[in-house]
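Attaching a single structure in structure tokens format; questions to follow.
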Amino acid sequence: MNSDNLLALGRLVDQRHLQPALGWRRGFENRLSHLLSQRRLPEQGWSEPELELLIRELALLDMNNANSGSCIGVGEREGRVVCPLVYRRHFGLAHGIGRSGDVTAGQPKAAGSSVINSLTNSLLGDWLRQFGCPKAAKCAVLIPVATGMALCLCLLSLRSSRPSNAKLVLWPRIDQKSCFKAIITAGFTPVPIEPLLDGDQLVTDVTAVRSLIEQHGPDSIVAVMTTTSCFAPRVPDRLADVAKLCAEFGLPHIVNNAYGVQASRCMNLINDASTKGRLDLFVQSCDKNLLVPVGGAVIAGPDAAVVSRVAATYPGRASASPSTDALLTLLHLGRSGFARLLDQRAAAYTRLRDGLASLAGRHSDCVRLLDTGKNPISLALCLRGSGSSSGGSDPGRLGAALFRRGCSGARVVAGGRQARLRRSSDRISVRALSERCRRPGHVGNEVDSFLVVLDSLLTKEFRQREIDSRVADADEQGDNDYSKDQLTEDLG
Amino acid sequence: MNSDNLLALGRLVDQRHLQPALGWRRGFENRLSHLLSQRRLPEQGWSEPELELLIRELALLDMNNANSGSCIGVGEREGRVVCPLVYRRHFGLAHGIGRSGDVTAGQPKAAGSSVINSLTNSLLGDWLRQFGCPKAAKCAVLIPVATGMALCLCLLSLRSSRPSNAKLVLWPRIDQKSCFKAIITAGFTPVPIEPLLDGDQLVTDVTAVRSLIEQHGPDSIVAVMTTTSCFAPRVPDRLADVAKLCAEFGLPHIVNNAYGVQASRCMNLINDASTKGRLDLFVQSCDKNLLVPVGGAVIAGPDAAVVSRVAATYPGRASASPSTDALLTLLHLGRSGFARLLDQRAAAYTRLRDGLASLAGRHSDCVRLLDTGKNPISLALCLRGSGSSSGGSDPGRLGAALFRRGCSGARVVAGGRQARLRRSSDRISVRALSERCRRPGHVGNEVDSFLVVLDSLLTKEFRQREIDSRVADADEQGDNDYSKDQLTEDLG
Amino acid sequence: MNSDNLLALGRLVDQRHLQPALGWRRGFENRLSHLLSQRRLPEQGWSEPELELLIRELALLDMNNANSGSCIGVGEREGRVVCPLVYRRHFGLAHGIGRSGDVTAGQPKAAGSSVINSLTNSLLGDWLRQFGCPKAAKCAVLIPVATGMALCLCLLSLRSSRPSNAKLVLWPRIDQKSCFKAIITAGFTPVPIEPLLDGDQLVTDVTAVRSLIEQHGPDSIVAVMTTTSCFAPRVPDRLADVAKLCAEFGLPHIVNNAYGVQASRCMNLINDASTKGRLDLFVQSCDKNLLVPVGGAVIAGPDAAVVSRVAATYPGRASASPSTDALLTLLHLGRSGFARLLDQRAAAYTRLRDGLASLAGRHSDCVRLLDTGKNPISLALCLRGSGSSSGGSDPGRLGAALFRRGCSGARVVAGGRQARLRRSSDRISVRALSERCRRPGHVGNEVDSFLVVLDSLLTKEFRQREIDSRVADADEQGDNDYSKDQLTEDLG
Amino acid sequence: MNSDNLLALGRLVDQRHLQPALGWRRGFENRLSHLLSQRRLPEQGWSEPELELLIRELALLDMNNANSGSCIGVGEREGRVVCPLVYRRHFGLAHGIGRSGDVTAGQPKAAGSSVINSLTNSLLGDWLRQFGCPKAAKCAVLIPVATGMALCLCLLSLRSSRPSNAKLVLWPRIDQKSCFKAIITAGFTPVPIEPLLDGDQLVTDVTAVRSLIEQHGPDSIVAVMTTTSCFAPRVPDRLADVAKLCAEFGLPHIVNNAYGVQASRCMNLINDASTKGRLDLFVQSCDKNLLVPVGGAVIAGPDAAVVSRVAATYPGRASASPSTDALLTLLHLGRSGFARLLDQRAAAYTRLRDGLASLAGRHSDCVRLLDTGKNPISLALCLRGSGSSSGGSDPGRLGAALFRRGCSGARVVAGGRQARLRRSSDRISVRALSERCRRPGHVGNEVDSFLVVLDSLLTKEFRQREIDSRVADADEQGDNDYSKDQLTEDLG
């Protein structure tokens, strides 16, 4: 409503009642003005009625929402919605984002969707800069695909800048299927590099990276792909060291920062690497960091042209849904709201670490808390007296038991199955992420609940089953399979 | 609500008032049962309250929506939503679809989202079979990416089955940027094949396709990519002839069927080709055919394994949003509702054709309606006396004038700019698509409105400007640029 | 969004894409400006995105939706909502309307809700004036209570202006419980006046009205309450004749116009009466005329002070929900949309009348279509050969059979039960109201469906049961009771 | 979804993924079953997806939401909705509640709405019993009208049981307009009874009540109306003493318990009175206690027949909106959620009391915190050195200043204006109600903010203005008027 119409409301209500409302209404416009001119994450989050107003304003700028007299959509293929439930849940935003040439390009028929696209990308850049990457996040772009697919697009965008026979992607290995597959899908060959064991921690073998570069020759290599966020006892890669190697050999460097915005340590690694060496692109998941539904990834980097090239690689218009979710969430949280989430996450880590330590003390005959202080998110217990000798079935049983009790986020790995990683024992790994966020308003003390369940399993069931472990029954095999199935999921 | 609880409502209300309600409630369960067992598009669409109930039922099966006591989500990265507005618009569906291994795989933590994914794909297959492709659409999968990106994934999925030096994609040329870019992004080299002029129509040069296959050798070719839906005077490719060549030389054949489900002729071409020759995959846009927001494509084909391989190519979990939109829309329309949309589209084509013919009669000195009967959707007027001789500026002016008057879907092309297509004159092309669908409940008579505007432009402005055409003013140049800009959009 | 911020969007998107959107956005503001200055029903309805934007704008003006910094709500009892689902469905409008002194007064803490309240009342007045009551509807007020309760409030508001011993309300009888009860609840004594039989029609006995006034004396009478909309064979009261009597004796005259806005004849009667005699207030139901959920009534009259006195009678703040529904619906329809509903209703009447006539022709031995042309909405069939002689059980059976087949809106009356109304036979009465409106987008040809069911019942079941009618079985008694129960409903 | 269809989902997804979901789905049905059989407030609140599912289930039972084939709504006046935005916000619930005979009666055409109505009333009864009135709340009914109108209906329902010349309602006076008006609207004569000053507190003059009963005679009295929740220094009425008098003289006793459910002390007074004497009905506001939008009141009492008589007094069907809001909120909170709100409120009272005491200490020359411990919600400061001598203008100025700073809930009263209440000084009264509830998710520390503002006003502005107080300027007069206006609001 423009200022004239707001004032015209005074014909309908008492001026004295209207004045205060016009005051905070002006405040809203001022904040909006600031947002549009600065395109930075606001300090304070916006309220729900303000977000509703903003999104309706923007929706009205798309051609399909224009008044009938204003537009004649003969021949329009897009921007038409027939099911009311679908129309409504998208606020009428139907045109998607981008054009065939570039997913960041404006849509001539959808000024509102285009504003959402552009503003979201600006705010995402600011968000990354504010939360640990002031240098590395010169530019950011949301692509409405999963993290793995985003990594794939990054690799595809590099193709033209690399020698035609470059096929290899050096990849310090992590247990995560999507990034491996991203390399395959892009038509390249992954070269996994096993981690080194440093105390309890599995760390990047930088020497092996250098050897492999020298062995294959830089021209046969498309890029090096490192990782920040992973399950303990694996810790984040030595990004700066790898970045220096990439600078030395002129190799592109892509970072899989899946849920790394949740931990300042991961972000600092990225920023540091971008100043000390070469770091082309880093990719993070929208859902894992911004707490939105699965479906988008943020691609960022220190050189806007490189980031834009990825955006220009996506052929066709794309869904505006992930951008809309990201914009609403960023404005809902504000800088302070996201900082609060990070604080909660750090507190959950401490509570989980202390809880696991105490639990490991009580069950010292069967578990030990690994010392993995460089992993800011995940912790791991090693399971003593199980492992390859017992055929890997016990960890599977424990994993299934946890799942049956509703603990879906922990991951149980049989050491024997991945001996090449030199991990000598079965393990339970678990991440400490922001709580209270399963859905809006959800309040849970899930760390404590998890510790109670795990304690009970270790006390009663697991140890009792130790005794029974020589008896294999068909039913357990089923559980076992299930657990394998679950592992695959955790890998992806 | 299960049957016991429905009956328990009788404690709160008069049994005689409850009985009729339980009757139609039973009818709903019966239709649902039929849907789940047959997984076919229902004949009649479902009502909004029924769709609301279904989607809420499914949402409650996802782990993030479970009662707090049931689940302990410690360590879960996905399925968490912090902004109420976002949570609500996705009905709480946050886990996305698929797993790292396969975008059609079930999500262990999201049974509801998995049902949506699976059911949508089944219904999409039935939809394609019912509307023209009983043979060709053995299997269908929605991938939450744009059509161009879906074509790219199709090509990427073929790589492993082709010789390692296969790089070329033969492509009977159309004026659409995304499919061209899809080839590039996939890392292959497009080989455009110019169309032949047959009367007014631009048709596939099948002889050239054969020559190119023989010239380059089948082993250097990844696939042939044909097209069904396009702007007149281009008409759909000769799919069956190309399919026969593909069968003869053992070449994969991919069809870009962007908005072809809207025309039975396009669908028949696909089905026919799949029986007479080789057709591996055909791809259609969700938004253009199902009238949902931009963001998904349906990949289908006669061999389920080939289609599944594309689904397995996507690395990572994907957005459930396009599948949800598609499911709601398919159930909203039912078979009869979609058939009604097709009838409306056919009627709009007739009205547009007759209207353009009549208009061309009145303006016979400056325009002529091209005879392009093989294109079931698009029609074209050639602009007499403009064209390359006049430097291409007039069609641009006309395009901009149409856009300014709200006619966004028509496309004006300067013949001179694409002389290699042997199209000798400037043209206006326009498609006849389903009306009444810009948003739910929207009623428009847009064909007539368009004809009025075009008539007025041809009468007053265009001809007057003919006179002025020697005077170039800077302002017009701006318009001109704008028109060029618009053309690019029409190309993508 | 104010004009500056709209222009600032040009920093985020291409100016050429933004310009057209700003054009129709301006159009929206112009229509809004016109609405606020004229406060008249717009000719064309507004689109859903426009309504969404308007309601969000207004919601933001209520104090509970203000930014946290702007308001300190310590001690506020109202305007607080704890359940998200409730908050959202009211768009955050929580303060209700009015103040203790007057339900039309502005709320100091809720400028937005106050605008809704004021604007709705203005538009309702215009709506009544445009659709038949240019004179009678000088002022209109929505009270969020049912029609019966609204009639009760009208009577209560008259108390102070009548002699203290005035207790009687003269009431030309109709079969509708609420208006009778409204008189009782107000603490007065209804004096029913039986209708006269004029041909097939039951009409107002104006002579009896005069006699009763003279018999009891005007000072013992609070008001005369007449009715426009009713079941055939009852026809609308002779409003003008009664109005003349009221003028003659100085008596207030209240009209129950429950669903009368649907028929111009009813509205004309009211307008005519207000010019020829005395008519103080007329009351119509929101749900029956505006097609909104049950819960509001519109009180109107030729003297604003009289209407305002009713509003001032309601003690306390009231729900804003019915006003919000009415505003959204009036803007959704516009004048032309409501006119279209009336046309559809008139067409449904014609189709029903012709269908019943044809059906009566086919079943002339058992039913006859009554000639009740003065009732513009309802029609009635008399059931030959049933009636009091058969103990009233057959009509009950027919009513129950209709209900079981889903025909809920027809009403079957046993003549014997209301012999004092001199209606000699059992009857089926049915109203022809706007179709297609059970829910948005609902398309039905319900008149035809009804005729098919009735035809089938008359043919098969009813006549067959005639034969069986001497056998009373317990089950049928149940049906019978049910039917009685249904009748009560139809009476209220 | 019935059990068979839930199991049939196993055709679409992996059984192992479905099983856990079916587990918590069963839990939902069990809780629902318990709810329907016990009709008591659940201990734990339900989640949003559960509430969404429940309300959609119920909506589908209303005839207007039935599948087209199932119902033929010819002639139906209600249950039709034309505006999509309106339809949706009511979940399709359009039929309202009740029938002409009784607002608690079931609607034959709306089994779902009827369940909502019946279940809400049952839960409200349990809620009142659980939170302090185990005896007094034998039965409860929500009437969709404001508290004042509900009090009016209570009085109207008593009419038939009182002698025909009973006209008086004895009313220990409070500063609240609605209850006064409720008596007038019902056609009775209020007899205000001034409170006594007991220390700082204003308490019920029970002796005066007895004198007035004896003076007028019980037969001339309709009822005694007492109050629990009020602004300090007024404290809750001595309910038990009045109840004993009512028992002694056979007089109905109605309690205005507007926001009293928020304080156990108020509820205990009611329960105590109902055991020690006569208490017929007590009335509470939905919005003030349940934190829903304005529009409903809960009428309860120890005798179900008496409560039902009030329900039967409302003429016509009523809005289902307030019942729907109440049901959703009660299930959202659960018993524990409401208990948590009460704890927060009690904590806010303590924080406010301590804060005001500290502030009064700092400003002891100009304010004093009154000792009003019997009022569990409201506190008051008396303003020293202002008052009648200064003509009452200063408190007005202070009230306006508070309002301008966003403190809308405090109330400033000039002692001189109500000298008959023997309150010798100007006062600020403020209530401590539940915080964090302005809208869902709203977090505020409003008590502290209020104290800061008040402190600043007392320090700077107020005292400075003391000096200026002899200079009257026109502008201040305006503020003054405004403050008067605000007071009126606080009175209603």
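Order as written gives the chain letters A, B, C and D; numbering starts at 1 within each chain.
Methods note: a contact is a pair of C-beta atoms (placed from the backbone, for glycine too) under 8 Å apart; a residue touches a chain by one contact, two chains touch by 3 or more.
Treat the numbers as computed from the prediction; the structure is a model and nothing was measured.
Enquirer: At the subunit A/subunit C interface, shared numbers over all numbers used: above half (same) or below half (different)?
Expert: same
Enquirer: With chain centres set to the mean of the C-alpha atoms, which chain is at the far end from subunit D?
Expert: B
Enquirer: Measuring centre to centre with CA averages, how many angstrom lie between subunit A and subunit D?
Expert: From the centre of subunit A to the centre of subunit D is 46 Å.
Enquirer: Using mean CA coordinates as chain centres, what's the subunit A-subunit C distance in Å?
Expert: Chain centroid spacing, subunit A to subunit C, equals 55 Å.
Enquirer: Using mean C-alpha positions as chain centres, tell me how far subunit C is from subunit D in Å, no decimals.
Expert: Their C-alpha centroids are separated by 30 Å.
Enquirer: At which residue positions does subunit B touch at least two other chains?
Expert: Answer for subunit B, listing residues that touch two or more other chains: 16, 20, 47-49, 52, 63, 65-66, 68, 70-71, 84, 87, 91-92, 107-109, 403, 406, 439-442, 485.
Enquirer: So in the complex, the part of subunit C that touches subunit B is made up of which residues?
Expert: Against subunit B, the touching part of subunit C is residues 16, 20, 47-49, 84, 88, 403-404, 406, 439-442, 482, 485.
Enquirer: In their shared complex, at which residues does subunit C touch subunit A?
Expert: 1-5, 8-9, 11-14, 16-18, 20-25, 27-29, 32-33, 36-37, 39, 47-50, 52-54, 56-57, 59-63, 65-71, 84, 87, 91-92, 106-112, 114-115, 118-119, 122, 440-441
Enquirer: In the complex formed with subunit B, which residues of subunit A make contact?
Expert: Listed in rising order, the residues are 48, 51-52, 55, 63-66, 68, 70-87, 89-97, 99-101, 107-109, 144-149, 151-152, 156, 159, 176-179, 181-182, 184-187, 258-259, 285, 287-288, 290-296, 313-322, 325, 328-329, 332-333, 341, 352, 378, 405-411, 430-434, 437-442, 444, 446-447, 449-450, 453, 485-486, 488-489, 491-492.
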